[in-house]
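Look for chain A in each of the two complexes below; its partner is chain B in the first and chain C in the second.
Up next is the complex of A and B:
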């Protein structure tokens, strides 16, 4: 069955972004041009999201085959194809993109200046990430993945805080280096097999095993070098300790919604690309490096947890939570057991939802008080007692925190439990480590919650009226909270979609 | 008569040039505005005429002195397009004052004529003469801002470098002539193959000619003119100079290096070197050093125009990769890159000239905060620059990818690593510029009233759209470049 829903999902945001640039400008707060542009942005994003949801719901379960395939030649001379498709590995990511982007655009609805630019860049980002998730040709995937770095540069550079210059500069430099490494891997892979190809299905199944190339007199193995290059290239785009410095800086300086787009959407997509390429292109190499991946994940988990305990700012706390969650995903991925891998994929979705919930309530607090920190430099509480004045906001925050903690009944519980079960096969020590990390996450998340929402209001807050969630905010937070609960209470359909693909891939690895 | 029809594009250019010169003598005052229009009309006519010539290729006319083939038509189309875009860009700029636009148009037309002649020249003397014509005209264009010391320095520097390069070329051609006794490069090639020339003699001939062409394309070790000339020349003129000189250099390099020093190999679409002198290694070394030097220099610059000049050096290093692999894929990739860089360079210097007009400086510190002041221009500038260095996913990336792919096919792994490294370094240089563009908006003076905002945006769209289309339909452009090569007289 050939349908063009994936292309629709890709093209609609692009068209929306172009319209943002072309629609007549309005100057006042409520001019016709301005409201039209906003509605067009939301509409374009929603069309893409509905197409994504329709795709995921119409997928067949109990099969590991690639579905919804679209394929056309693009650059024939280099056998580069526009090849798109979905299977259990990327379906959760498509859901994540579909859920979060309209919410982000809605969250930037009332930006006082330049909301059109923010919307346009978010739409380009949505299209780029959809392309990176669905592409079945590594050139195409690389193309969209690198495209996704550009909007961040402008989003941070134009709308960021005081240190936005250095944040944007570090963002661009690290992603340029990461992309260069990926490109090197791409060229290496392309030229090592005959006939040259970029299609994942042509490269999959150990076609690269045993290929070597000569470099400065040394004979090197193609899969090992390409795998290391891909791993390093992606590590520079998603926060892996010790190269996460740019990430925390960007988290401090970027607008809150941009931080959400980076940590809740781009990071899971980066993890997905690593998983997709690692599992299908280099099965033997992945098996060989699996313990190292688990160690990297565990280090991320530990360092993220320790740093998160020390944070007094919602922004940096969010950054380290992202590190912790990514560590869990990597542990699950490297465990190479069926529950661990399914858990890692599930966690990619729910970590995105949880972090987005966290980021959006932090955004609401930031908009109302102008503060994202809950202790000032002298250790005095700056927020507090928000729950009394804004019960709805406190409820949403509690739900997001619960999911990040892994409380039963929330999405995070399913994901992290599966990862912990799966990691037992690697070593029992991992289970202990993961449990301690979860306990500590209870500590820092509840400390944050207590200091922001409970207790007495600080002197600054008690004088001013703290407004609860507006109708618009409730409207876009409802789907997010609903999804968090749904994926926690009824994970079966999604897991049935993911499991066959995982089992097939794992069988080729072992 | 047929020969005359085949060189009709050049004839049209010459007639337009004559008309512009006469117009300058007879018209004064506000009538001068018509010069831009009439120049553009002449260029469009030449462009269309070049297209119609495609029916006759390949053919050699004027006793083999001029080859009308796929490559020459390709370069003619690019040259004429470049001239048209530069004249429009200059007409938006105050650096070329309205009263002196006629001179500028005449100079650009003369340079275009020289570029077209050089692209189709297959006679050594014609190659030499058309290069000299181009270089003398470029000397005038570079020194055009005669009140500015920088511009005079640029002109003189270019004159000296092109003079040295011309002498080197002449010596090289003379030594070659003493062996082959023919000025036609195809006959010279045949004579060269039969005569067993000593290695040292080939080395001398090759090095003399290659150094001269190296100066033309701003390659190591003759690259030193590029940053100074591009910085000193009036900004819209820099955009013309950087493309015109290097493009002509590559046109001659393709025809001459491959035409004389290589022959068709048994496998289709490949060439192999004549004799046992392995000149691609020399080109490889030069290309590697050029890429690295250019990108490191670009990292250190504090002026935007100089930085772009250094990036042009890097770009030349990249393009040399397309020649040294000696196959059609590589040369087609080179041609594809030239298409992309034509739009990118004109766009970059166009926007820099707009900034220069507003700020009277291209110092990076003075550009701070521009992103808040003029958003579309800054975004376009960053896009053009990224496209130029081939950062994915800009269209230039496909060009770089095809070039790197071409050398990897021939197992030049070290060179490929250098290429990727210098690409990343150039991106960092651009990130530095972009970092300054963000800056602090409060420091910036308010701009003068926007008189030409719409025209400027329209021209940027004219530059951006073909560039993006060339990336999206890379297949068709690469096919066109490949076809041009198959219709070539070797």
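Up next is the complex of A and C:
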């Protein structure tokens, strides 16, 4: 019997987005219209989130089979199906989407102008990413993944800072190039097997092994070329050094919630797509390229850490933190050991939550002070003493920082520990690098915390009253912090969901 | 009736209740009560009761240690499993209980708690610290131990956050957090490395002194073990991590908060050290006899010596006290690794309790400019004297026995190291007694109370030689084979069944000579240093050397230089990649071909258009001109004549 909750997860935000456009906003009804629109947006997102949570909690553990399957023909002539399903690989991502999108919408509650546009675009983004995560047809997945780039263009280009047009342009050009590479891979794969299919289950299990094609007189391997195209295409959408320049500019110019949506949600989804396609469609190729993936992850880790130390702005610091966390995920992915791979998947979830916590507290500071840099160009402290005036905000920030650092008891500890355990047997040198990166991460995060929250308030802040978290802010930050602690103290249920799938996929690879 | 199998869960639950009471006190303490420390005190009752109950259950089973394990992140039997577990043995239960008592003593000193600007934070920090130490001592696996260590560090951090509105103290707090977190991260990475290729990492099968065979390969995994041990040792704050102890230079003045000293020592140093020492004690059976252990112990001896030299040159009482505390823990750990758990534990316990007692008294010191001395001054000085005596291995206390065992073991195996250890013990004694002389001459605050004296002395009771070793002198008199002054059963003998061998007579005499010699010379040196006239520092060699040593051997400057270098590289990477590459070169590289192609296409288009126009124009020009001539009549008649002539010629030839 088919389960339609995934479709509900997909459709509810779309409907909410459409309603944002249709709801009245005229004079006299302005306040009513605004409140209704906001409630509709939050309601639509929550419906999707509740459906996602219900799906994850009702999944059976200790099995690698695809669950919650939903499948209908879509474009029959090209064997494109509307195929959705969940297993241990994407369940954590579904949880991530379910937790974060209502929080992001709530964080934009008090936007003075254009909040309906922002909410509508976030809802479209939520639907697109749900589709990308749950799709079991690679064309469908590509469709939703490409769709997810569009809301960012408007979110950055309309609501961004002074260089918003440049940031939006750079984002969309890079995304377009990446998506083009993905499309090329898709076409290559489609034409390589008979009968043609885009379904992952039809393509999985080494069906592409041995397939070749001719290009300009050369015979090339389909799996290798497709794998490289997919890797390159995804690398342009998520911040892989050095093709991350668009990401740092967007982090500087976009609204903070958009930066969170990009770094805490889209990046883990991109990593998941790479993992899904790599493990399922190209097991032998993934095995061959695994050391390279580890090297790419190590480069991200090391250079991200070095660059983060030099940052004086919460926005760019967040961008480089994302780079570092992604590096760790790639290292875990490339280790091809069960702890490492499970750790990488778990880290996608907790990395997203930790980055979201960081981004949201940075957003709170930005909204209250109008600035996000904690040192000006002359090296003088611009923030400081925030904890005196806003202890609740300081506590939330401390917990987010603790999770990002992998302090025991928080989700980050479980993910990073598993990655390190899994990587150690493959390359002990990686452990040393990761250790150094972690120590330096502690340095820049504690420095940031000290300069923003502790000590005497700077002259800019001392005269202004810095309001602590409002009731509304506490209402959405408390679940976030609670999740960080929950996933750190009781990871077993999720691990038991993820592990069988990983073991099955790794057995195919090895 | 509670089942014995439930005891581990009860222990964990009660510890968590204590942690929760601490958190509630920190967050809502001000709103809930005028004396929020009572909330934490109530929380202490839970683990205390659970520990007593667990000990009773263990006693009924002839003190056989028990282990309870659960898979946490991975199935227990899988490689790389992260398991949590509770180890019930005499040592763990005793130390956990002592930690609870210590927490109670700290809370009972209400004058000091009340003097803190944020009482609820101070009290909560005590609760977190105690919970962390309890968890560390009862954990059967490193993973739960790490959570305990993290809680203990959090307690130290929150204690310092009572003063977070001051820039200098904020920097000091951030520094503390980084150093301790760094050590914790290092230990975690080490444990991950060790856990990677073997079954669940567990301390003990439950039989005292016998390590889990699955963990036996630990010694072979050098990198992981180095990180693990290094991270734990880093919690002590010895050289080269003396920055936090030395650099925070705010002076002890009447305006300064006396509770700050006590919180720094007890919550920020003693509790995390207790949590780290728990892991070292559990690690000992596995590392015993390996080169790693010997190398680590030597490093700790050298580092303690360097730290103590630096401590002797500190001007600030608080800084010297911090360094002295760190060095003490380092020496005790070195004793553990070189002479076994009995020696190490004896030294550690004696030093810890002496330090806590003395720092409690030191915290009631006032500035020299304050009014008359407190009425209880003689009692306070007596208590301070006792605290220093316990810490520096005076006869009659457990630390003396530990020091003797250590030196005996070293003389038998590594005589040169014995001399180095004795020198370090002498330096430790010198710095401790120098601190005492500062207290002796200082004035005490009027706030000093009877409770301060009583609690400081009470803390020392477990360190009494007769209670711990059964011998009045603490095990420092000749043995036949038991010490000649043994009057009670030895607690140490029941805790550590497999101890070091009883030394030969010659080693005993040499070791005693070294120990007492170090002790006496240390006191003499302390007095001499204390009595040295103060003079303005000049730029001579010895002044520069003193400044170098007092600064912690400029290690901090080295760190700052390295970090500045990393910062420089990072900023240039950012500028080059984000700025130059993405803002200039990539647009140039991507745009230039298109732009050039556009220019070329435009030129080609213009050329083609012009050429086509030219060709069309030439093709049509001549006929057009001719027709134009015809139209304008100039050639009309010529054309008619030409046509007529032509027609005539044609007709002629046709007729012909």
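Here is the rule we use: the second predicted complex is superposed on the first by the 504 of 510 C-alpha atoms of A that agree within 3 Å, B and C clash if a C-alpha of one lies under 4 Å from a C-alpha of the other, contacts with A are read in each partner's own complex, and residues count from 1 in each chain.
Keep in mind that, in the parts below, a contact is a pair of C-beta atoms (placed from the backbone, for glycine too) under 8 Å apart; a residue touches a chain by one contact, two chains touch by 3 or more.
This structure is a prediction, so every number in the text was calculated from the model and none was measured.
Visitor: Clash or fit: chain B and chain C on chain A?
Guide: fit
Visitor: Looking at the overlay, does A:288 come into contact with chain B only (first), chain C only (second), both, or neither?
Guide: So A:288 meets neither chain B nor chain C here.
Visitor: Name the contact category of A:4: first (chain B only), second (chain C only), both, or neither.
Guide: Neither: A:4 stays clear of chain B and chain C.
Visitor: Look at A:308 in the shared chain and tell me whether it touches chain B only, chain C only, both, or neither; answer first, second, both or neither.
Guide: second
Visitor: Touching A:144 in the superposition: chain B (first), chain C (second), both, neither?
Guide: In the superposition, A:144 contacts chain B only.
Visitor: On the A-aligned overlay, A:165 touches which partner chain: chain B = first, chain C = second, or both, or neither?
Guide: Touch status of A:165: first partner only.
Visitor: On the superposed three-chain arrangement, identify whether chain B or chain C touches more chain A residues.
Guide: Higher number of touched chain A residues: C.
Visitor: Using centres of C-alpha atoms, tell me the angle at chain A that chain B and chain C span after the overlay, to the nearest 10°.
Guide: 160
Visitor: So if I take every C-alpha atom in chain B and every one in chain C after superposing, what is the smallest distance between them in Å?
Guide: In this superposition, no C-alpha atom of chain B lies closer than 6 Å to one of chain C.
Visitor: Once the two structures are fitted together, what part of chain A is touched by chain B and by chain C alike?
Guide: No residue of chain A touches both chain B and chain C.
Visitor: Of all residues in chain A, which touch chain C in the complex?
Guide: 170, 241-242, 244-246, 248-249, 303, 306-311, 316, 337-339, 384-385, 387-388, 395, 405-409, 413-414, 417-418, 420-422, 424-425, 428, 431-432, 434-435, 438-440, 442-443, 446-447, 449-450, 453-456, 491-492, 495, 499
Visitor: For chain A, which residues count as touching chain B in their complex?
Guide: So the residues of chain A in touch with chain B come to 73-78, 117, 142-144, 146-147, 150, 153-154, 157-158, 164-166, 168-169, 172-173, 176-177, 179-180, 183-184, 187, 190-191, 213-216.
Visitor: How about chain B: which of its residues touch chain A in the complex?
Guide: Within the complex, chain B touches chain A at residues 329, 371-372, 375, 379, 386, 391-393, 397-398, 401-402, 404-405, 408-409, 411, 413-414, 416-417, 420-421, 423-424, 427-428, 431-432, 434-435, 437-439, 474-475, 478-479, 482.
Visitor: Considering the complex alone, what residue numbers of chain C touch chain A?
Guide: 27, 71-74, 78-80, 82, 143, 146-147, 149-150, 161, 164-167, 170-171, 173-174, 177-178, 181-182, 184-186, 188-189, 192-193, 195-197, 223-224, 227, 563, 566-571, 573-574, 577-578, 581-583, 586
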